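Each chain gets a letter, A, B, C and D, in the order it is written, and its residues are counted from 1.
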């Protein structure tokens, strides 16, 4: 296996009409990490991911495997091996699960392949179907899937896309406990070969699966380290609970 | 294969269409009605392109008149030059005061090969330029529709303003021959009909192949969530561009074939109103269904002829009502009714149903909650 | 297996069509059009059909509906009088929808499906140009009721409206006689105004008049402040107006707002008849000039009867106008020609046409056989506050039609 | 010199007409995102209202003044009706809205044709508005038409009124809230459906007022709306959605541009150049002159 690239962010800043959403973030995610980004609403978590994936304009520096990402179009960043999901699962509802995955696998296809019909299922797609457990539902339109299944499908799409870095925005929001556990296991499995960054509000989920955590507050990195480090940080406690000195933030349902 | 399955098989559809077009229609219809059918088929060719660009790609091409016109004028210019004979000016130029010299941009159309190629390639090239600019800047949705309309209107105005070299409002009319064949001869008129029918089948087959290819699936994906496709590493601008250019080529071909069938091309076929009328057939029949779009276009044109023969005012009401009913209450068009009926009859999944987007067809693309604002441009 | 199908079907389709093309070759253009035969009209029953081809919808409906009405009036009169050659006339109406290709399509339908003996209608030159090849190919007759730009002579069209030397040239003669030395040309952007203005410029050059400007507005355009400014700045002695339809309304409102009036700078219009005066409003048109061959106020018992019959049939507030009168007259002229030829056959009707006369509301008119135009009297009118047009000058006698202006030296370079 | 000044005013007065016809759209299209192709027919309804009132009352001045509120109400009601019958079902499908309202516009045109006849109808303008004011006297006088001044005044008054309503009244606040965040507004107890309908009433009503003004300069007929609708949309698009300021500036800029080009070329060429210019401009600034930068995804 080749050396995994890591993510290196320096002085990242995003402003909308006078409001600064991300205000000078420095962040390093080592190759093979399973990093959780937490923080209260409006901390700039999603905007950070938006900036990394080219969706919003930002200043500063974002390097992945030594390559500068800022300023490049979204689809180039995607081809550089960075994939993401959204808070609300966005799969192609009218296409089948298989078609969703096939499209995700095909960014590099030439015109000749594109203009022909799909004759067989590409090998990575078969593998991904197994990994995300949707092999049975391959011919169903994605629109009829349950919420959790859609989230898995999204993750599956990132797998076949063969990204090196996965940026997941609240992947377990709205899932049952069983589904959460399954998702967590899936993320662990994925993180063995790739780098994963997860935005999450669910603290129990974070505690169970995070390898490292960064806490964002008001557009800045407040604290960073292992789960235990972060929980022990008084600044984090203050942000989450006001002045109370509770030992750890309470688990909190995502909206 | 069972018999019912055979009947619903797409090949059977093409076969029976060919049978209808090449055998039944010429036998049953008078020369005049066959001529009308030829005209309808031209509109159906435009609808095939619209089905791809709008139904599959979500690009509301309200300016197809532009491409129809480019194709039509390219063909008509050559035919007028051929009618005039070598070295002579077309009749209208003499009449409206050209100075005896053929304008430089007419010259290449003296060559039949150039003209034939231009009927399709010229609209495609123009579409490629427009599309590249527009899609790169992420102009989409209604903005795209209004811009296409403005361009079609501008082209029509430009043609009208240059009477000495374009025939102005009259357009190019009184076309006598078609590559050496006399268009006055009913036999040749029939031949023109066959050419058009064959062109329709060929274009439909080509677009069907596109729709069922991986590209077709990708196009639906772009329609439903362009941003998501971009995050998968594709450039949606290029995906849309292909659909737009192919639709332009179909419209250009239709325009070119319209000229020998009807004997005239004029700015009246290019502006805003005809451009919208190109869309209505596809909308009524089912924008995302190829068969629906073709049959819809033919049916609407037929209704226009018949209704306007009997009650000219009623046609306008009817046309308005068609838009309202088809789009507000039946967004999948008649094709969605047929599909529902078929689904009700046989719960078993059909072989032909693995078409992307077949399920909800033209039901509106799911819109993220944040998109209650108009589709427009993004930063 | 279905995935292989497009290629399989496309191939036979292409082959089939290629075979069709090869097997079904008709006449080549260079062998002459001998195989193209005219369409024979149906004269077998005790009625004959005639086609009525006007726009009943779209922008031109405004004008063309009135023409349709007067054609029907003429047909009713003829039928009440026993018909033509003992056969009653049955009108078959079609809507051209203000769209030229539709005109061509409907003309084809009238000739080939309804097998009419003659067709009356069309208004714009563009619609006439669109149907001209249809009538020529089918060898069927069209009677065209509107003044037009000349330079045309189709063997299968009878032109019942004025050509340039019966409307535009007399108007210019009148302006010249009034001592007007400079004119400004305003027109809609289409065939008639552009061609008319070519004639006007040639006339002006030969007659020592100056053309101070020439402006065209797109059909349907309703923004005329710039043109009014230009006209005002040019300080011409008169304006020659060939605008069409809606544009006239906006133009005259702007003209009045700019402080321009008929005594200062009269406008001569050749497309504004009584119907248009009504929709623009006499408020804006008072004392402006028009040039036509007929006005509702034209003197004569025949016109009194025509106006009375028209109002009785269509309403008291409906004015009669030149194109309506020409359309009405054209039906009666056709009847006279058919009766002279004793046949509905277009070729025989054409042969009999020369010298056929009819006592029309505008006075006696005569068909000129060689050009298939009509001898008509030119009349300059002044628009009154009541919306009617009062004749202030006429040519005294019918003017011989000269569509190519061959009788005018200054026009030699025009065609 | 006079010509240049005269042409500048012509440009401004063309701009005033554009502003009037686009103003209602800047609310319904710019703020609410509804593409209403029948907007032109609401303008037509306003014009016919003037005609009917004048028939009934006789006096040109009185009927014109009275027509302003009545046309606002007539066109506004038509708009609210359209919103209630069709548009509210289509808020998520802007392209379908475009085509549906096109169909409605066809039917309204034919209705006008059946009720009032295919020919244009005429209204008399009050004598006061048919004259002109001389700004510079002398041999080459610079005059400005009273009707144009009236339209300019009316356009500016309408803009001011709309701006005030949006900025100060509870209705305005609700409209802005719904535009900015529909879901949040709904949760905060605002009936978005009712706000939509009211906003549509106001926007369509403004079209009616524009129709009254147009009777002074143009024809009143069934097709008067179609001729101007695309221009109106382009003004709003170029100005930038959701920005009244953008609509106002764009209307006047396009008016002056049109006037200058018309003077130096021909009317047709000017129109083509303006259309192509707009397309080019949108290449450069796809969101129009003024834009709201937001964090929205799509």
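Quick notes on this one:
One rule holds for everything that comes next: a residue touches a chain if its C-beta (ideal position, glycine included) is under 8 Å from a C-beta of that chain, and two chains touch if they have at least 3 such contacts.
Here's who's who by UniProt: A = Urea ABC transporter ATP-binding protein UrtD; B = Urea ABC transporter permease subunit UrtC; D = Urea ABC transporter permease subunit UrtB.
In this text, all values refer to a predicted model and were calculated from it rather than measured experimentally.
Common neighbours of chain B and chain C, by the contact definition above: D. By count of C-beta pairs in contact, B-D exceeds the other of the chain pairs C-D and B-D. The greatest centre-to-centre gap from chain C, using C-alpha centroids, is found for A.
Mean C-alpha position of chain A lies 72 Å from that of chain C.
We define each chain's centre as the mean of its Cα atoms; on that basis chain C and chain D are separated by 36 Å.
Centre to centre, using the average C-alpha position, chain B and chain D are separated by 32 Å.
Mean C-alpha positions place chain A and chain B at a centre distance of 43 Å.
Residue positions 3, 57, 189, 216, 218 of chain C are each in touch with at least two other chains. Chain contacts: chain A has residues 55-56, 86, 117 touching two or more partner chains. Shared interface positions of chain B, i.e. residues touching 2 or more other chains, are given as 157, 160-161, 209, 212, 227, 313, 316, 368-369, 379. Contact residues on chain B toward chain A in their complex (touch as defined above): 209-210, 212-215, 217-218, 220-221, 224-225, 227-236, 354, 356-357, 359-360, 366, 368-369, 379.
On the side of chain C, the complex with chain D involves touching residues 57, 59, 61-62, 65, 189, 215-218, 220-223, 225-227, 229-230, 232-233, 246, 249-250, 253-254, 256-259, 275, 278-281, 283-284. By the touch criterion stated above, chain A contacts chain B in their complex at residues 53, 55-57, 73-75, 78-79, 83-84, 86, 88, 90-96, 99-100, 102-104, 106-109, 113-118, 139, 141, 143, 157, 161. Within the complex formed with chain C, the residues of chain D that make contact are 2-3, 6-7, 10, 13-14, 17, 110, 113, 118-125, 130-132, 140, 143, 145-148, 216-221, 223-224, 227-228, 258-259, 262-263, 266-268, 271.
Partner chain B is touched in their complex by these residues of chain C: 2-3, 5-10, 12-14, 16-18, 20-21, 24-31, 33, 35-36, 56-57, 94-95, 97, 99-101, 104-105, 108-109, 112-113, 124-126, 129-130, 132-134, 137, 151, 189-191, 194-195, 198, 216, 218-219, 415.
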